[in-house]
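In the two complexes that follow, chain A is the common piece, with chain B as its partner first and chain C second.
Showing the complex of A and B:
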């Protein structure tokens, strides 16, 4: 019973922690612009992150090595350094976007100066991380983030034409640059590199071993699948409400409007509350990832479980990343714009994150009997090819569409 | 190959001058039909969002801090759009539509300002909701005139 409960809790944490500001922004905008047409891209991205999270969790459980350790080992110092710089820039942008998003949500709930909430949000995150153990952080944000299930209830309440919704799951391509830009955005938002960095480092933090492989598989398969359901719900509610009105949700607050339309103030509060925990959790995940990467690459002691005394450079770098992100947001740049750029630039860094994972996970000399089987190997390489294509296309699409502005 | 390039500095200079001029000129040309159309579509989208927020206020189905902050943000966007349109030099064939768009943007900003002042007042919410709908219709009518397609 204890084992089942542990697995169930892990799934719930993965589900609640699936959405971040990138998912909230890109999926809602995708629905507003293209109605249900991009649901297939959400599913594609969800399968991709499930495949690679499972692989990185398995590698961590079997070899006790997190992703960036693997990257350094496989790519060597030079290319590894390139990967470190690229992922650090993307992570810093992501932390800034999440922190800014958290401040926007707090402002919508309590109406005071934005800059005040940016500082309070950063302090709040430091306090939470100082007080809670790693598992506690993961579960608090995972469980509370689950409140965004209100978007699934909203979709059901709206009663859209489910045949139209179902047609959205059939892949379709268009010659529209904007459509292609959003395919890349929706896909990349699901596959942000920090997610696997955090997932695999978290596996080491929680001292996973070979007995944790079942939990890893279920977390990745069921947790991410249900997380994908939440992402699809965002597309559906936005497609139903915003698309016919021509609304372009460029503000994070707009994401919560459909829940207000369906369930009034309660719906609005649930949506904002759930978003707050999702975005807050992602701020912690992405800031931890930035420090994990740096520490693992440079061979420092790392891990929340070690505490500041045993891992001082890891802890200090985490505080520095959070501080730098706070400074970025305090310059007044729109967090939603930072999100769009961080997601698109993340695509460019994706191959350097996922190729080493794919290679190590398939290496029998490292993984023994737990090396990739036929399905993992095939899916892994298909997704890697897709990631490379999107990495090449991402920046030209960003420029051609004026950052998604059309 | 390298030496041939060196012998033709004029070509590089011409290309650079062309690039710089096109960048500079792109900022000071007439407001085209397409640009105006995009601006008015943004206004229509803002009005639609305003209508949804005002509907929440009218039904007492929102949180006043949310309505106030959203009204402030969207009102700022409407104001920015109004200034952009007013500052731009329209090409002669769209001058009338440009003027109408500036007026719509100004009215929209005023409505958001009213919503920001009374985010918990159901009566005001209902009034603003109605006016937002009218503003959206006006914006859609301008788009229809610009594109030649019937208003949605």
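Showing the complex of A and C:
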């Protein structure tokens, strides 16, 4: 029973950490612009992250190797360095986006100067990480982030035409550049690679072994399925409320409004509070992901459990990434814009980090009996093909739509 | 895997993580020294001074400006093959990292971390 409880708690924590600023921005805009039409792309992206996370978790459990360890092993130094630099740039943009998002939410909750909240948010994260044990951080942000389930309640409360909603799950393509841009955006927002890099590094830190594979499968199957439900709810509530009005939500306050429509002031506060924990947790995950990647690639000592004394380079680089991200936000660029760039460039860099994991997960000399079977192998390569297509299409679509501006 | 006998250099040695006898991560195999005919692995080479060799010729000059030239014993270390204990999920050394000059970048004495308030 204790083991089941532990797994359940793990899933809840993972679920609370599923939504980040990328999902909040892209899914809400997708709903406003195309009503329920892009729900299928959310599902596609959610399955994608489940596939990638399951493989990375399995590789971490069996070979004790996190993602960037595998990248250095399979791509070598030169190509691996390209993957590292690309991922680091994307991570910096992501940390900046989450930090900026956190500051906006704090500003909405406690009305004051934006740049003050940017600095306070960064300092707050450092204090939280320095003082709380890591299991505690995951639980606090995971459980509290779960408050965003208010969006699911909102969707049910709105009583949309469920037949229309269901039709959104049927894939459809259109020749509109903007529509295609949002297919890429919604897919990529669900499949942010930092989440997987963080997950697999965490698995190594928690000393996962073969006995953890069940937990890994459950996280991927149940955790991400429920996470996908939250992501779909964002599309539905926004499609229901904003699409008929022709409103284009381009700030985070608007993202929370549907909850106010359904449950009044309480709904708004719950939505903003849940978003604050989701985005705050994502800021921690993405910043750690940046340091994990760097330390693993260069062979430094790393780990949240080792602490600054045993892993000083890792800790120092984490502070530097957080500081640089803070500077990016303080330049005054709209965090929603930073979010769009971080999500689009994430999918561009994704094939380079996904492929080595796919290779090792299928390699019997490393994985033995836990190597990819027929299903994981087929699904793995189908997603690789899909990711490559989207990676190639991403930047042209970004330019053709003027950054999603239409 | 035993360190005697054949070993797949590309598959299991190059770019692999190195751990010392305490399990401390202390670098990756950046290059390999082969000697004799048929060639035998006589040492693993580790250090940022070796990074430029791993890049395409055109980028080496630029990379060398960042890492400095190879200085043996400083930014390029030679780990004799005899120092390797076992190769399993990583390369495990017989001794401590410090004895071979590895992992010095993670030496807390070099950093101010001891003076951080939470230590």
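Convention: the second predicted complex is superposed on the first by the 406 of 406 C-alpha atoms of A that agree within 3 Å, B and C clash if a C-alpha of one lies under 4 Å from a C-alpha of the other, contacts with A are read in each partner's own complex, and residues count from 1 in each chain.
Throughout what follows, a residue touches a chain if its C-beta (ideal position, glycine included) is under 8 Å from a C-beta of that chain, and two chains touch if they have at least 3 such contacts.
This structure is a prediction, so every number in the text was calculated from the model and none was measured.
If you put the two complexes together on chain A, you find that chain B and chain C both fit without a clash. In the overlay built on the shared chain, the residue A:332 is in contact with neither chain B nor chain C. Residue contacts after overlaying the shared chain place A:298 against chain C, while chain B stays out of touching range.
Shared-chain residue A:72: touches chain C; no touch with chain B. Touch criterion met: A:109 reaches chain B, while chain C stays clear of it. Legend: residue contacts after superposition of the two complexes on their common chain; A:309 is shown touching chain C, with no touch to chain B. Note on the composite model: angle chain B-chain A-chain C, taken at the C-alpha centres, equals 130°, rounded to the nearest 10.
After overlaying the two complexes on the shared chain, residue contacts for A:272 are found with chain B alone; chain C is out of touch.
When the two complexes are overlaid on their common chain A, residue A:130 makes contact with chain C while staying clear of chain B. After superposing the two complexes on chain A, the closest approach between C-alpha atoms of chain B and chain C comes to 22 Å.
Chain B makes touch with chain A in their complex at residues 38, 41-42, 44-45, 48-49, 51-53, 55-56, 59-63, 65-66, 68-70, 73-74, 77, 152.
On the chain A side of its complex with chain C, the touching residues are 63-65, 69, 72-73, 76-78, 80-81, 130-131, 298-302, 308-313, 315-316, 365. On the side of chain C, the complex with chain A involves touching residues 11, 14-18, 24-28, 30, 46, 48, 51, 54-56, 89-90, 103, 105-108, 110-111, 113-114, 116-119. Those residues of chain A that touch chain B in the shared complex are 107-111, 241-242, 245-248, 250-251, 253-254, 256-257, 260-261, 264-265, 268-269, 272, 406.
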